[in-house]
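As structure tokens, here come the structures.
Heads up, the next two complexes both have subunit A, just with different partners, subunit B and then subunit C.
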Partner chain A sequence: MANRCILQIALLLSFSTISLSLSYKLLQAQQRSSSLACGELLKQLKGKPEYCLKDRMDFKFPEEIKQPQHFRKENAALVIQEMLQNILDIVRKNFSNTVWNETIVENLLVELHQQMDSLKTLLQEILEKKDITWEDTMIIPRLKGYYWRIRRHMKAKDNSICAWTVVQVELSRNFSFINRLTDYFQD
Partner chain B sequence: MGKGYSRKFLAQKMRCERKERTYQLTKMLLSRQTLAIRLLTLCFTVYVSLALDASHDIPESADENCDFKLAFRKYQLILSWELKNRSIVPTHSTFQYTIMSKKESMKTVENCTNITRSFCDLTNVWQDMHETYIPMVEEFRGETLLVQCLGSITALNLSFEPPDFGIIGFADHINVVVQFPPVAPTIYGEDLHDQASLIIKEHSEDIDKRHEPKISGSFSGNFSYVINNLIPNTNYCISVYFEPRSSRTITKPPLKCVLLQPAQESGSSKSVKIVIVIVIFVSVAISIILTLRQIGYVCLHTEFPKVLIFHNFVVRIFPELPLSEEVNILEVISINKKKKVWGYNYGDESDSEDEAPLRTIAGGYTMHGLPGRLHSQVRTSPASSQASHLGDPADEESKEPERETQPQPQPPAAQGPSPGQKEGTSEPSERTEGLPQDPCPKVDDGNSSGGSGDKMTFNVDLNSVFLRVLHDDEEDSEEAALVLPPPEEVVDLEEDPQEMESSLLVPGGEKLQVLFPNLPPECLWTGDDLSDKSDTSSSDVDDIRDGYIMR
Partner chain C sequence: MLGTAAAWAMLALLGPTALTLVAGASWGSPAASGGKSLKPPENVEVSIIDDDFTLKWNRRHESVRNVTFSADYITSEMDNWIKLPGCQHITGSKCSFSLLDINFYENITLRIRAEEENSTSSWYYVDSFIPFEKARLGPPEVHLEAEDKAIIIYFFRPGKKDDSSIWGMDTTGFSFSLVFWENSSQVEKQIKTNHYTYKIYNLSPETTYCLKAKARLLLQNRSGVCGPVYCINTTVEHKPPAPENVEVVTQNQSYVLKWDYEDRNVTFRAQWLYAFSKLIPGDNSDKWKQIPNCENVRTTYCVFPQNTFLKGSCVLRVQASDGNNTSFWSKEKNINTEMYYAIFPPDISVKSTSDSMRVFVTALKDPWNKFYPFIYEVIFWENTSNTERKIVAKEIDLTIPDLQPLRLYCVKARWHLLQDKWNKTSAFSAVVCEKTKPGASSTTWVVIGIFALLVIVICVVKILQRCLKYVFFPALKPPCSIDENFSEHSFGNLLLSTSEEQTEKCFIIENTQSVIIVEETDEIDEDCKKYDSQTSQDSGNYSNEDETLESQISEVLLQQEVLSPGPIS
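This part shows the complex of A and B:
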């Protein structure tokens, strides 16, 4: 009887593991595709970084995200969600002040929404499992501080073209980080 | 009146002068406002223009002078540039770069300063793939700066040039060999394996198939990949390229094509494949069933029908071979008995049967038994039978008349139970089976029962025993030709069957020759033979001495 129970549990675990691994692979593919698309959309926007060298600023992106070492997929999902939310806020709130192509910006917003929706299911599972430690959540305030510096820079520069151009480059860099973070979904 | 006119005139003149002054003042003020507005407009224009181009400290046309291309070529990160204005022919160039994420000044690259080529190897220089690099190239003629080029490069601009590869076509597969450098290549300071995937694409007519081989470790040395299950005698084209993870820019290489050989697969290899597939299928099926049964999803009967009991399978297919026939030398003891011939007259017998009684009348004994009396004999007590067998011949003779009245038993084959013989068959059925054994005892291998001394008792399977009698005496040819009469005629049926048999079967060969030297060499008994020869032997062959017949 005990053997039967053990075998049933083992089978259930194996099946659930297979299905979860498949879902993570699908999520990884979606996130990678979306982040690449967002990067390309940002690149299409009118802006010449080479002419805005004086407006450059080090926004101090968190180093633990730049070079993650002991990241789990839960951490990655949490960080990606926070990054996408802040990018969406920056683009949406200051959209009227830009000189960017509206169509490109709208496509960028749509892509961001899709990317966040695909993460929602995974995030719900993570929150239900409460599989996040206090250390994991410490990344979020640092991320918020990073995006706060971006907003302050734009305000300081009165949403100038070069300020937007610098932000555009920084957001492209963000999507490159997100693309790297999706690698942790396959673990 | 003159004074009044002059006063009016002076008053009007003064008014005019005031108006004129007011007009002039107004005019002057308007002109000044216009000027101010113009100045303000100019200032606004300047302000706006300054606001738009405040940070442009580099000539705006600098980015339009060159085209930059970043490529991973021959496993090196190469930035190349090309002047748009081809009329400008510089003598040398200097490459510098900076990044966008920090306020850093332009950096020069040692190997890319005052170069005559139009590219720079940045494999070990640009180490951050997330960065936006700002390259700057200055083209000189002598000491004169001709052109300054600026650009912005990210990893999205990177194109991976395909690796060198070779293909070898076989009948149904193609071997693709990709040549990597001996040392694992890096890009942006990271392993190429982490930045891009190797893709092998197969083109056949209108079908494209993509293969993504999993390479453990890094891209180093030669890598071989086999594309299986191809159609023989078909043209296939192969392309190999890198698919970057941080870009959608793919540079596809020229195709390499090969016409596969016609199929020459041997039948043995096919059969081996089929056998392997069957074995794998059966093993998987059995394991699944066992697993499900172990879990309890499937409940199998433990009592299988006979057809599914495989431990008897071999026995059923290969039934037990009959044991080898044993040949035992037995001594047949013939008991010569003489029977007194009483003057019975069977008038209803045939003419041929009449001859024997005529011959035997002289001795007073007859060879004829009386068939049909066996039952009465059987019913006699064993004690009396034993006495008659072992006792004095005189007693034996005294009982002979009684036996004479008994009918002669039928041969064994004719002694099957019949309704008319119910009385006789009911009691000594064993005896009817044992009786034919007497003259030619047959040994049953499995049912022989032991005896003591020089006596052996056997239960004999009559279907499997042959009897051969050992004799060399040709003098008794007549007796040798004798076929023993049915034992019913010979033996006192009142005897115990075991004793009766034991009395006839005595181990050893001497007694046989002494007691029954003229036994025929072949003594295969059948019911017909018994019945036939009982008569013929008694009439023609039997040795009749003194009215007694030897049996």
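This part shows the complex of A and C:
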């Protein structure tokens, strides 16, 4: 009886692992395509890069995310979600602003929301299982500090066209970092 | 941690006066500053709940009345200590402070000292901390709005409402959990949402409902404390009632929005909203947009194009109006546009053998193949029977085994997406029928038959060849009389025999004047004549050589060879 129970548990575990790894594969594909779409949308936002060179700034993106060395896929998912949330929060501030084309901003928000939504279910599962090593999440404050600097810059520049142009370029880079992080979904 | 604090102090104190440096270095021991012995406070603690920062400490000079306390702070982005606002010249043992415009995600260090008239104690350095990490979540603020059969809850995240809040950058990361009950009953309902506006439906009119809520930051694994209980009464039943059972289906590249309503003397209108708006706090009632073709409709449905919303999640709602009054909005219908995207059926082609059939299915097209693993289902049946057989496969090329020869089989196929939330399936492809090839046994017979025929043909050809050879190229056999003469030699030897002997024979023929022999062996006679004319041993060799070539060489060839000087010399 006990043996059968163990067998069932083992089977269940192996199936859940399979299903989780499959969904990581699916997520990777979705995130990549979505990042691409977001990058394209950001490109369509007409900034004024040539006028805004003096406004360029190093917001100090955390190096350990820029050049990820070792990431567990669960933590990669967590970092991506944190990034998406912050990007959405920055972009939505422009929603009623006249600097950017409202339709493009709206599409960008839709895309970001979709991307966050697809990660959410998985993250809930991870967090319930306590699959996150919280020591590794010390990276989160550093990441938030980076977005804080972006926001401070926008505030300091009074949401000028140049401030938004700098942010637009910065966010485009964000999506390439997200893509790099999705590589860890394969492990 | 202590080391970090000290390091911070050293770093920060490089700028300010040397006096402070001395005080900093002598931290931990009562400093004699200004001649009097004043001790710094002890057991200093910082607590953060939302945007309320509190510094608490224990005084060491309870008897001394006029001792006050002041605190400074420094962050890793700053060069100098700054006076902590709200914590200057405090007579008590705690102070509330605010940190304006600082990065809550960087380390911050606090120091505090006792002050009395002109003297000050040494600094007490508080372990550096990241405010965001240290902060605890308070309860969310809740606003309620009642309808007759629903309650709308507006959540406000904990902390200050503006961006200067410590949670200012987590607005989209909040979720709320509710405990909800009818006042007169003890049955509680748990609700979780990450929307800032949430509506509870299916309630009774004129009833009191209560709830309490707490906030949660999922990614930070942080749960807040429960807020106070809020109660509200639902209104009297409203007329006209709100439409019910809102549903969306697709038809010919359009959406059909349907709902139920009893009274037919009303008009309806429907609105939509991108679901991301629900993640944004505040009133989003102005974000709702009119659905085209769904304004002032008298039917309980409306049809609108699929490109009304781009993609992603949307919320739809319907309202009825009888001319004077409008109903409350219906229950909101959440849809994900992806759910309604059609997958087109595959194209199939088949190739049959006698007992199997290969089915080729076109690959799944964009964008589905990019995201979802898929399988396809192939259904086949014999044309004359009704029993269908099903095969599920992953490859686009599969073989259906165990079929009967010379029967008509039909096949159709469709896609199944795996792992998408809606178990999406395509329609079936067109039916393709093909007859299987003749059976394996008859093929064998055909092969055997062909083989037998081939053998017969070969035999016939052989025989025919032999006959022809016999007629046109009979075998060389000397007449009996000559044979007798050569009786002492074997025939093989005759062929291989030297020309010397043959020339001798020729001479014999001439000398004996045996006319009969000459006449009978015409060819030999000719040969002999030539040997004669040549009258050389070598030429005899030649003639002999020709004979060993077996076939009867024509006159011309012979002459050519005779004339050719090559071998003779």
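Here is the rule we go by: the second predicted complex is superposed on the first by the 168 of 187 C-alpha atoms of A that agree within 3 Å, B and C clash if a C-alpha of one lies under 4 Å from a C-alpha of the other, contacts with A are read in each partner's own complex, and residues count from 1 in each chain.
Going forward, contacts are C-beta pairs under 8 Å (C-beta built on N, C-alpha and C of every residue); 3 or more make two chains touch, one makes a residue touch a chain.
Please read all numbers here as calculations on a predicted model, not as lab measurements.
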Output check: A:92 vs subunit B and subunit C. Expected answer is one of first, second, both, neither. What do you get? second
Applying the document's definition of touch, where does A:170 land relative to subunit B and subunit C: first, second, both, or neither? first
Quick one: is A:46 in contact with subunit B, with subunit C, with both, or with neither? Answer first, second, both or neither. neither
Touched partner set for A:57, first subunit B, second subunit C, both or neither: first
Between subunit B and subunit C, which residues of subunit A are contacted by each of them? none
Which bits of subunit A are touching subunit B when the two form their complex? 3-4, 7-8, 11, 32, 36, 39-40, 43, 48-59, 61, 66, 160-162, 166, 169-170, 172-173, 176-177, 179-180
Within their complex, state which residues of subunit C touch subunit A. 101, 103-106, 130, 132-133, 163, 169-173, 218-221, 274-276, 279-280, 310-313, 367, 370-373, 419
State the interface residues of subunit A toward subunit C in the complex, per the touch definition above. 22-23, 25-26, 29-30, 33, 78, 81-82, 85-86, 88-89, 92, 106-107, 109-114, 116-117, 123-124, 127, 132, 134, 140-142, 144-145, 147-149, 151-152, 155
Mind pulling up the subunit B residues that touch subunit A in the complex? 51-52, 54-58, 60, 62-63, 98, 100-103, 129-132, 134, 136, 150-152, 154-156, 245-248, 291, 294-296
